[in-house]
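Structures for review follow.
Both complexes shown next keep chain A, but they swap its partner, so chain B is in the first and chain C is in the second.
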Partner chain A sequence: MTDVVATNETILVVGGGVSGMTTALEAAEAGKQVILVEKRPYVGGRITQLYKYFPKLCFPTCGLEINQRRTKQNPNVTVLTMAEVTSLTGSEGNYSATVKISPRYVNENCTACGACEDAVEAEFDNEYNYGLDKHKGAYRPHRMAYPERYVIDPAMIGTADADKAKAACKFDAINLEMQEETVELKVGAVVYATGWRPYDANKIQPYGYDRYKNVITSVEFERMNDPMGPTGGKILRPSDGKEAKDIAFIQCAGSRDRNYLKHCSRICCMATLKQTTYATDADAKSTVYYIDIRAIDRFEDFYQKVQKDENVKFIKSKVANITEDRETGNPILNGVDTEGYNRYATPHELVVLAVGMEPSLDASTLPEGISINEHGFIENDGTNGGIFAAGCASDALDVNRAVQSATACALKAIQVVNRVAGSEG
Partner chain B sequence: MADELLMGAYICKGCGIGDRLDCGRLETTATRDGKAKFAKSHDFLCSAEGVAMIQADIDAGETNHLIIGACSRRAKVEAFNFQNVTLSRANLREGVIWVRPDTDDARETTQEMADDYIRMACAESKFMKLPKGSGEQPLNKNILVVGGGITGMTAAIEASKAGYPAFIIEKSGQLGGVMAQLNKRVATKSPYAEPEDTTVDALIAAVEADSKITVHLNATVTKTSGAPGRFSVDISTESGATTNLSIGAIVQASGMKQYDANQLTEFAYDKSDNVVTQLELEAMAKAANGGPIKRKDGKEVNSVVFVQCAGQRSDKEGHLPYCSGFCCTASIKQAMYFKDQNPGVDTVIMYDDLRTPGAGGEDFYRSGQKKGVIFTKSSVSTIDASGADLTINFHDKILNEDQSMSADLVVLATGQVPNSGPDPYAVPMELEDDASAEDKQAAADAHEVAIGVDSILNLDYRQGTDLPHLKHGFTDSHFICFPYETRRTGIYSAGPVRRPMDSMQASVDATGAAMKAILEIESAAKGAAAHPRSGDLSFPSFRIEGCTQCKRCTVECPFGAINEDAKGYPQYNESRCRRCGTCMGACPVRVISFENYSVDSIGQQIKNVDIPEEFDEKPRILVLACENDAYPALDMAAQNKLEYSAFARIVPVRCLGSVNTIWLTDALNSGYDGVILMGCQKGDDYQCHFVKGSEMAHYRMSKIADTLKTLNLEEERVATYEVAITDVERTAQLINDMAETVEKIGMSPFKF
Partner chain C sequence: MSNLNNQMVNKYRNDFLKEVEANVEEGDWVKMCMQCGVCAGSCPMGPYWDHPPQEIFMMIRAGKREEVLSSTSMWMCTSCYNCIARCPRELPITHIMHGLAHYGKRLGIAPKNQPTLKFSQKFWENLMTNGRVNELKLGITLYFIDGFVQGIKNALAASGIGLGMFKAKRLDPMEILGGHSVKDKSGLKAMIKKAQEIEEARISGNQ
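Up next is the complex of A and B:
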């Protein structure tokens, strides 16, 4: 059984991505008790799937290492992975949360030695790489995954492979009988840091993501460029495995559009500018189809730098649709270049859809009366009692702004539990 | 028993360590060579039972210095978390068995590797003390907030709500800052369709009603000395009165000023009253008080053109290279002022890229379109103010042709300039050690002239009076993951002085900065370090009798933590220190140390590696690796079962900046055949969280060539690399490259 101590002076953080970790760590380092609930088997969220950050082109795992070290060292933070808040009731200073914990089938005895992985043969789609490759039935989701513990894919339970995994473990860390459990927590303040998911590109029918192999999403492209990713860092066309040398990026794919996401996700322009540097590094040419390039504030420097790159071309146009040249597998982009109103039908070897951020929040788990706007983000408007939204649960934000927001939420939550404790002043 | 050194070594046999290594021999190595009081092996040390065994020994007073030979120090941290003892980890799993082949040939060298890591951990343990915190500062909950605009007021209110008293220092005679000059603000709430109240009045009322907030108007900070938890701040008013405040941490919310539109002569701002800035239009809208907005000459405005990015996003001399981030929505809001009063007014926004991000931005943009605001993608070349009305000459980018139109009024979106103090590093502070006092003063004077702005904080710090700038005058952090990673511990900037932002972001930012100020107050009271070594209780101390007052530590500290006393001795300010050890690396006479990290705690590890005789042909390669990036990369290389030379001995360091050259000269003198330093990326896009650590190490190593020459050793024996945490294969490769180099140039002649 999972044993968790919580009181109405405890802060519950829902979501263990960079925002949730930040809220949890800031509050915990200031002396508060924090429970961090994360749906995935590991913390870090979507930044673990990014190869580089804009505009510095540094590596997200560097900051992740620091935040994981802070987590490991701090007894004030309790991390529950594979856990989801299924309901939350109550009011400021006095909430009850129901947390469902899915079985990992691996307990804390695990030393991450990897013997179980070596023992099994079954493979499953690797969500971490957006299905671009497979992982074994016993796996560590990524090299820095924390908690540093393996996971048994539930689909393997009941198979001979599962028994092999169990037999291979010398530390009695694999428990195939593990069941889903439910934990009730009493907490004083709740910070939702539930983050985002990439908008489902299948819905953008004119772009044919579901029909054309060489039309991929920006998040898939990001995994491809990671040297430890599914293609070993090479930009390979899904249709024929050849290196793509002529890449088109379509901005606002499904964003700023009444038919799909109405909002602008803020990060996609910068993410594409960053991804053109990957292309340039791989001796490929980039063409960016855009409505407005939103390289806000000092990110402008980065835009100017990319504009100077001869390998990158910008076309102001919302691409109308994509067709395919069957022979070459090249997607053909059709539309009008609005600067001068010229029609085009241009083939490219690979098309990357800069898909927007959709909030991952499941509003049904929240108490009544919480301010959630039509885009699905929680608004911190001062009327939500002891519930606060950090990072992309509050708006489409880049990492830097998400962390600002998460730091602010730590203080809002501390204010609540300090009031409960009567320790003001 | 307090200070008695009781070293206990524990060897884990799990994860294949017991199969691959002779653990009995490791125990002997620990007790015989490492001088541990005892050594024990366990089949599964991180299990509840293993941990209980260690805890029982601690409780029984058997040991207070633990040596754990098991996995990497990054693994099983929670299991091996024992109180009131020191802990040294010998990395036998990721550092030895996972990087070596399981073959008979390799067995001997693999075992030697493990033996060395046990000796090294014992040596470290012997020279480590349990850090206790200095107790240098008390719990001081007062927060100084410099600036009384919405950022400052929000920071003060949020801090107060958590129980921390705030002191707002405002230069002008009233609170409210730039926001108080606005008519309305951009929508912050769903459905993001209409301009909203600025909330300034409500904030001022909240500040005034709050007994924990003290406001000093017409006041500036004339001196800030001390450190987090014990800042002493002089506040002076125009009348000359000075108050002294005792402060725990500081939020700098000094805000922004409007870009000087007089520089935009092409837009005739200097020639016509009918060309105004956004801020001037706010005043006109306020004066109109819901009625038609009138020009200075009294004419009602029937047509208005907004010129976006005026003097911004431009590489022209005197222009702002950046985007101010708020002007697009601000112009939409201002166009609404006209449209809401009279839908017949023509409002045209001329833009290049319209930047209205997030959920609210795009809704607000659509609302503007619905109200009939015209958006034209164009670039304005000139504005002709010679006639009664204005003529705007522009290139329409959609039609791809030059056009002109007339308007009653033109509004320039000129953007924001940060109100930051002088950048301590604007002019390189290259003062040679032997420079005369006059030269130093002259350099300092030139520095001030070059900067030409008033100090905001007047820090009494060895390294300048204010927060360092990141770029374009903004005092932002350099780190994506850590926007509040300040270079002056305990001082956090927020709002548009930190980076360009709108009022909604500034409020969030103010709350975030208040959180960091509170965290620093709590940490300083415990004697604990701030991010990124949060919680570290060790602090630097120095032996005054050995100090030569060379000032390297005071100059090289990346956080300006060290001052100099009247005699030129360093004055450490523990709560300003981030525990990177750059001072320790800098010190030529090696008098600086931390309780658990010192010239000896690393130096003795290096010395305790067994150096085989030359004819054994078993070279030794010392690897000093940054603990945050290179060391994890090496761990991951091990996870991926990449092999590297059995002759490497890896020592994690807090930062490459802490590497003292004595470690290298000692290593080379005692027969190491090669030395590799692995630090973070340096330069403009540096990734070192201690700012200059990697850069300092590269610089210091460039000087080591002389030492090598004196020793008659080849230059290739020392290599310094910039390594990222993702360089998994490369780190292993760099070690193998050095092994190859050594094979090529031969063994060191300095074996004893």
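Up next is the complex of A and C:
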């Protein structure tokens, strides 16, 4: 049974991505008790799936390692993974949260030796790599996953494969009898850091993500470029496994469009500019199709640097639709450009859709009266009591801004629990 | 050009966008275009337009009055609604195109020999005779739209279709004698006249 001590001076952080970790750590390092609830089997969220950050082109693993170490060392933070808040009731200083913890089937004896992974045969789509490859039925989600513990896929339970995994474990770390648990937590303040998910590219019918193999999303492209990723860092066409040397990027794929997401997702322009540097590094040419490049504030110099790269071409046009050359598997981009109104039908070897950010918040778990805007993000408008939104739960933000917002939320949450402490004592 | 129209031209000569907003159906949407180009790229007739919708919107904002209103472009629109379905800002592009075509026609500067315009005029005249479309007469009118000799050729070429339609009771040869009509022809004409008056009054109110 999971033992969690919580009082109304405890801060609950929902979501353990970079925003949630930041809020939790800032509050914990200021001496507050924090419970961090994360849906995945590991913390770090979507930054763990990035190859490089813009604009410095440094590796997210660096900051991730620091945050994981801070988490490990701080006794004030309790991390619950594979856990979800299913309901939240109450008011400022006095919330009651129901948390559902799914069974991991692996306990703290695990040394991440990998014997169970070698023993099993079943494979599942690897969500961490956006389905570009498979993971075994017993797996470590990614190489830096914290907590550093394996996971058994629930579909394995009751199969002979699961028994093989159990038999292979020398540390008695596998417990196939583990059950789902529900815990009730009494907390003073809640910070939602539920993050984002890439917009479902299947919904953008004219771009044929569902029909053409060589049309992929920006998040998949990011995974491809990771040397530890599904293609070993090579940019490979899904149709024939050949290296792509002529890559098109389509901006606003799902964003700034009343048919899909109304809001500007804000990060996609910079993400694409960053990804053109991956292409250049792989001796590939990039063509960016855009409405306008929104390299927000101090990132303009990054845009200028990419513009100077001879391997990168910019075409001011929102692509109207994509067709396919059946012989070569090349997607053909059709449209009219805005600088000269020239009609084009240009084939490229690989097309990357810069998909938008959609909030992954399930609003049904929130108490009544929490202010949510038309895009599905929580508004921090002062009427939400002791509930705050950090990072991409509040808006489409890059990592830099998400961390700023998370730090601000830590302070807000600390103020709430301090008020509680004052009134009690 | 009527006096009314001349007044309008003078009033808005330096501000074509305002003129479009005031007088063209759904014209107040023109300023919302963000020049992404999806309409132009999605138009199945696009390759045949002199200026795709995206360019028309920009020309309106640049004050290119004569070029826009005398353009054949808007007359190419087949109302497939692909542009409206895909426009990220939900501009009613099809309606604006028809509105511009209509406005150019009203001002008398629409291109004279544009086939869609000619057809629309013939259709309207046919319809207003009896308040019902006389398909036989409309068909014959269209055959002879490019002259008598071409008309005979067209009629002979399509005689098989005509005979088939007659056999399937889709074509009544008696329609050549006047044809069927609405019950209250004069009432319909009075109604259309009133509607035209209201529209005239609306546009003159914009002066």
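The rule we apply is simple: the second predicted complex is superposed on the first by the 422 of 425 C-alpha atoms of A that agree within 3 Å, B and C clash if a C-alpha of one lies under 4 Å from a C-alpha of the other, contacts with A are read in each partner's own complex, and residues count from 1 in each chain.
Just so it is clear, a residue touches a chain if its C-beta (ideal position, glycine included) is under 8 Å from a C-beta of that chain, and two chains touch if they have at least 3 such contacts.
Fair warning: this is a prediction, and the values are worked out from it, not measured in the lab.
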Check: When the two structures are superposed on chain A, do chain B and chain C clash or fit side by side?
Finding: fit
Next item on the list: Name the contact category of A:Arg326: first (chain B only), second (chain C only), both, or neither.
Entry: neither
Next item on the list: Scan A:Asn334 for contacts with chain B and chain C and give back first, second, both or neither.
Entry: second
Checklist line | When both partners are placed on the shared chain, which of chain B and chain C touches more of chain A | finding: B
Next item on the list: Tell me which partner A:Arg256 touches in the superposition: chain B (first), chain C (second), both or neither.
Entry: both
Margin query: One more residue to check, A:Lys318. First (chain B), second (chain C), both or neither?
Written below: second
Notebook entry, point to check: In the superposed arrangement, which partner chain does A:Lys308 touch: chain B (first), chain C (second), both, or neither?
Noted result: neither
Item checked: First (chain B), second (chain C), both or neither touched by A:Lys72 -> first
Notebook entry, point to check: Counting only touches as set out at the top, which of chain B and chain C does A:Arg298 meet: first, second, both, neither?
Noted result: first
Checklist line | Superposition-derived minimum Cα distance between chain C and chain B (Å) | finding: 5
Check: Following superposition on chain A, which residues of chain A contact chain B and also contact chain C?
Finding: 256, 338, 341
Item checked: Of chain C, residues touching chain A in the complex -> 34-38, 40-42, 46-47, 51-52, 54-55, 85-90
Notebook entry, point to check: Residues of chain B touching chain A in their complex?
Noted result: 14-16, 44, 46-47, 71, 74-78, 81, 93, 158-159, 161-163, 189-191, 212, 313, 315, 321-325, 353-363, 366, 377, 397-400, 471-472, 474, 476, 478-484, 499-501, 505, 508-509, 511-512, 514-516, 518-519, 522-523, 531-532, 534-535, 628-629, 632, 636, 639-640, 680-681, 685, 687, 689, 724-726, 728-729
Margin query: Which stretch or stretches of chain A touch chain B in the complex?
Written below: 18, 25-26, 29-31, 47, 51, 53, 56-67, 69-70, 72-75, 109, 111-114, 143-144, 148, 170-171, 226-228, 256, 262-266, 292-301, 304, 316, 338-341, 371, 373-375, 377, 379, 381, 395-397, 399-401, 403-405, 407-408, 410-412, 414-415, 418, 423-425
Checklist line | Residue ranges of chain A touching chain C (in the complex, touch as defined) | finding: 206, 252, 256-259, 291, 317-321, 334-338, 341, 343
